[in-house]
Structures are given as structure tokens and as C-alpha cells.
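Below, chain A partners chain B and then partners chain C, in two separate complexes.
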Partner chain A sequence: MRQVQPRQNNLGIGGWIWAGNYKLERYLYILHRVTGLGILLFLLIHLTMTTVFRIQGQETWEATMSILHNPWFKFGEYLVVVALIYHALNGLRLILQELGFLMGKPTPPIYPYRDSLRKKRRWTMAMIGIIIILCLVFFYDFISGGW
Partner chain B sequence: MDKEKNEQITFKIQRYNPEKGSEPHFQEFIVTSSRGMTILDGLIYIKENLDSTLAFRTSCRMAICGSCGMLINNYPHLACHTQIEEFHSSRLTIKPLPNLPIIKDLVVDLNPLFETHKSIKPYILRHDDKEMENPTAEFTLSPQGLEAFLQFTYCIKCGICISACPTSASDKFFTGPQALAQCYRYCADTRDEGEMERFSVIDTDHGVWHCHLAGACSEACPKGLDPALAIQLLKRQMVSRTVGLGKKELPASTVPPNTETKPKVPFPDFTVKGSK
Partner chain C sequence: MRNTYLWFIQLITGALIAVLAGIHTVWMHLDAILGFFGVDLKDVTGWHSMIERSREVMWAGIYIALLAVVLYHALNGLRNIILELTPSARTERIVTWSIIVFGIMAFIWSVYVPISLLST
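What follows is the complex of A and B.
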């Protein structure tokens, strides 16, 4: 009989980027990774600007700054702040929940099933509430500072 | 869907036959569904009446055996446990469970799941070899002790949590929610003392720390097992042991032999022919 190897079927990166019908925490997971990568990207650009461009003299530095002083870059900066707020607070939630806090105890599975994340969703919602408030505060700060 | 009204449902099924060397492709079948009909009933109808070459795995038809896990409208379900009516759609897309190798059509290879399950030593481990080899009595287990892990004993090894897990999707060496939840089930057992042996298996780059709490496994689990909770409690247990918090209790001792023996119930005469 001919032996046939099973066909690999891992979803790969698409498997974590696409959440489909899954619920809130699955989307928070994607956002956490995306904001993490965004912050890393910002850090690399920021470090490049403040080191490479700076040592090339005042002219280069001032030319770079004049490009950056436009509303789109300001909006980009605001997005970095939003990403930082989200990543920090969701990270705090993850640290607490991964250490078994705010997760509850095992309970007998009685239909309809409710997993611990859904039972303790009020903490997640509270975290989202704080994120929104902080984002609004910083938005006001950016607006009042002038674009 | 009315009881009398039968709807025409299109089953769009992913087909793959390794012997023909073709790429996975979709084939459509029209099935007349009635109230209460499950996805599995539809597949059995197709196999019996429309295309006998369709391959899928099934056994108990009551969500006990864990054979018929498949991706239905892009969400993993047990086909026997899911009614067609639930989707409120006349079109169903059925694919094999992702993150597990496909053998044929909707049949996936569950060997990777069984191998990782075996790797976490899913049985009671004790240091008293003498008692383990020649048991004199059973080990004690309090009702509270049982509650700590009972929820996680209902695993039917269907592979749905693995197909729902975004980490399993991008890391094929990840231990996976099924094995990690079972690891906690045994580590939380008061009769067990094999914690350190299991920790050495899961305390790796592809082990317990690769779970980033997306919660998809618990959402999709057809038995309400909550693997995400088990994994986080496992992390807590590992951290507690490392920093020296949380007292490790001695493993449960054996039940003292019962001194009061009940009188033997006489064997009923009417069941055994010729008994005195």
C-alpha cells in the first residue's frame, strides 16, 4: 500500500491576524501584537532620527524637523501614544490574568458553557474604559497643543 | 425553520485526496435539511446518497468521542453537536480543522495532539515506587481536591482548541492548549507529585509561556473545559514554585483499610440457575 504523508495545514501568521467569529479577547490579542510591533517600529525610526540625522549637522536636523512639523506626523505621534496606552494597560491585564488573578476558579461545565474570561469580562471592560478615557485626555492635549 | 418546511442547504466542502496529488478544492452538495438535523447528519446523507468518496471521521454522534471536529463557517465545531439551523444560512462551508495535518477531505491527523498529550505524562506520578507497583489501597481525594481539576478531566481530545489557538497557527511546535490543560489537570491533583517532571517538558520556548491568552480555545471548546483558565493556573503554579510562594502539600496518602466489613449481600437466587 502506498504511504501518503499528511498535508500540513497550519494557518501561519494569517491564523493570528484573522479573528473571525471569535470574541473580544481574541481581538485584544491581535491589537496587543500589532501595537507592540508599531511601538517597536516607532522606536527604530525615533532612534534613527535622533542619532543618524542629528550627527549630520544642524541643517539636516532642521530640515527633518520641518518635515515632521505637519498635522499628519502629529496624528502619527498621537497613534503612538494610543498604542502605548493600550499596550501598557492590556499588558497589565495579561500579567494579572496569566498569573491566575481575575480568572476565577474551575467550575463544573454546565451548559450553556461560560469560560472564565467571559465570566470576568467586567475587568476587561474596565480596562477598555480606562484606555478610552486616557486616549481622550491625550487627544485633548494634542488638540490644545495645536496640530 | 418550520418542522414541516424542509430547506435546501448547500454544503461547500473542502476536498483533498493525497493519492490523486491534487490541491485542496471545494465541492458543493445540496442537502434537504429538516428541523434538528445536525451537520453530521448532512455529511452522512452526502456520503450515502451523493458521493461515497467523501471522507470524514465520526463515531458516537453525541459529542463524547471527539472524532468529528471540523471547521464549519470558519469556526471549529463538533459536527454531531451542531445543528444546521444554528447558522441561519442556506450555505455552509466545511473544512478540516486547521493547524492539524490533513489526511483526506475532512479527516485530520490527530497524532501530533496525542504525542504532545503523551509528552506531559498524563497519569499520576508518585515517588513511592513500591506503592505504585504493588498498590495496597487507593489514594485519598477530598471533594474540594476533586473540584480543583474536575472541569479539566472532560477533555475528549477532539483537537478543536488547537485549531482555534492563534499561537498553534503560527508555531507548529507549540505544546497546545489541550496538552497544557491536561498538564494542569494532573499537577493540580492532590494525589500526584510529578509537577517537576511535567514542568521540565512545558517550561520551554514552545511551552506554556507561548500562550498569550487569546481565549479562543475556551470559547471554542465543545465540552466547556476552559483550557485558557487551566493554562493560566498552570503558569501561576509554576511561578509560585519558582519564587517559593504557595506551600507544596504532601501528596495524598492511601486510604486506611476499612476495619468494619459489611456482611456480604447474598447472591440473588433468581438470577443464577441452580444456585442454592
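What follows is the complex of A and C.
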């Protein structure tokens, strides 16, 4: 009897970036992972800064802060805030959906198929809208605080 | 079953971080907008302002709670991503224990600093 070989996952890590024909939520998931890893990297730098440099006294702290007030660091800081906003709000959406909220009722799989997430797509769009508004609010604050 | 509990704690810590990191981020970055509502933070990252906050038990408590939930959420998330690559059982144990040891060391060191600054 002819054996059916399982399809190999040849995409590897590339498959984390390219989601093929999957819909919006799959790309939101990729972005959730990317922002999560970015925030983890920032967390390690932030913890080092607020412990090692803080405990060494006023001079070291002020010297560190003067470096961090450089416009490029400020821009990087803004990107971290954007990543935090996205990761937090998308994470809350994922928690609600995992617990069964914001999902459409299950229906028979009759073509054209509609998955449960897409029946309540407006909640996802509302979340994206809130993310954009919060990013603009923080952008205004970063600009008005001076680069 | 163990992974189900770990995932459930991941959800709870995620919700807690959204609140605690939200307070931290607004306090540290929204000075112009908070100023519009009459909250004057002065130089929030300045030494004197930072030391003043460090002496308050409430702020030290918020930072330590935030640190605990963030470290769990971040390191468990990293473990989940690594384990998606389906390593062998031995590698999985090494990854898990490395992450636990790193997390405990980072927590102890990062808690020592705010506690020692309480009495400055």
C-alpha cells in the first residue's frame, strides 16, 4: 500500500514570517511574537540600566540619562512604547478570544467558509483603531517633549 | 497538564502587566499630556525625582510586582517559542532549567536594588 508522507515543514523559521493564505489574525500573531521578542530584549537592557547604573549613584545615573536623551534613543524608546501598546492590546484580544468571548457562533462548514474569528472581525478592527490612536497620543507626547 | 497551568498563568500575568506596565509607561512617558491635566511630574527621570520615588513603599511594591509578572511572562513566552522548534526531551530540560535559573537570578538582583534604595 502506498504510504502518504507527511508534508515537511521546509519553511523553518521563515514560516514564522510568511503566513501564506492565512488571514489577518495570523499576521497579527506574527507581529505579537516579534513585538514580544523585541520587548524582552528591551527588558534586559532596561533592567541593567535601572539596577546596575542606579545603584552606583547620582553621577553614573545622570551620565546614563544624558546618553539616553539622545534623539536616536528617544526614537527607539518610542518604538518600544508602540510595541508595548500593540502587544498589550492584541494580548487582551487573544485572552478574551481564548476564553470564548468576541467569537461568532459555530456554523456548518459550507462554502464559502467563514471561521469564528472573522465573524467578529469588527472587534479586531476596533482593537487596531485603539492601537493607532494610542500610538498617535504617545507620538504627540514624544514630539512635544522635544527630541 | 503542567503546561496548561503554565499557559493559564501566562494569561493572568499578561493581564496584570497590561495594567502595571500601563501605569509605568503613562507615568514615565506621558508627561506633556499629564501636565495638561494638572499633573506636574517635573523631571521624571532625574536623579532626585527617581530617588524620591524609590523611597516610597508603594512605588517599590509596584516595581517588584511588575518585575515578578514580567519576568514570568517574558521567560515563559521565550520558552514556548524555543519549544516550538521541538527539541529533544534532554534539550527541553536544559532550556527550562536555564530559563528558571536566569529568571530567579534576575529577580533577586532586581529586587535587591529597590529594597536597598528604600532607606537612602
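The criterion applied here is as follows: the second predicted complex is superposed on the first by the 127 of 147 C-alpha atoms of A that agree within 3 Å, B and C clash if a C-alpha of one lies under 4 Å from a C-alpha of the other, contacts with A are read in each partner's own complex, and residues count from 1 in each chain.
We adopt the following convention: a residue touches a chain if its C-beta (ideal position, glycine included) is under 8 Å from a C-beta of that chain, and two chains touch if they have at least 3 such contacts.
Everything numeric in this text was worked out from a predicted model, so none of it was measured.
Contacts of A:A88 after superposition: chain C is touched, whereas chain B is not reached.
When both complexes are overlaid on chain A, the residue A:L43 reaches chain C alone and has no touch with chain B.
Among chain B and chain C, the chain that touches a larger number of residues in chain A is B. Contact with neither chain B nor chain C is seen for A:R122 once the two complexes are overlaid on the shared chain. Within the superposed three-chain model, A:F142 lies in touch with chain C and out of touch with chain B [touch as defined at top]. Once the two complexes are overlaid on the shared chain, A:G104 sits against chain B while remaining clear of chain C. Comparing the two interfaces of chain A, the one with chain B and the one with chain C have residues 33, 98 in common. Of all residues in chain A, only 33, 36-37, 39-40, 43, 47, 50-51, 54-55, 58, 61-62, 65, 68, 77, 81, 84, 88, 91-92, 95, 98, 137-138, 140-142, 144-145 touch chain C in the complex they form. Listed in rising order, the residues of chain B touching chain A in the complex are 16, 18-19, 24, 73-75, 96-103, 108-109, 147-152, 154, 164, 166-170, 172, 211-216, 218-221, 223-226, 228-230, 232-233, 235-236, 239. For chain A in complex with chain B, the touching residues are 2, 4-16, 19-23, 25-26, 29-30, 32-33, 94, 97-100, 103-111, 113-118. Contact residues of chain C toward chain A in the complex are 11, 14-15, 17-18, 21-22, 25, 29-33, 45-47, 50, 67, 70, 74, 77-78, 81, 106, 109-110, 113, 116-117.
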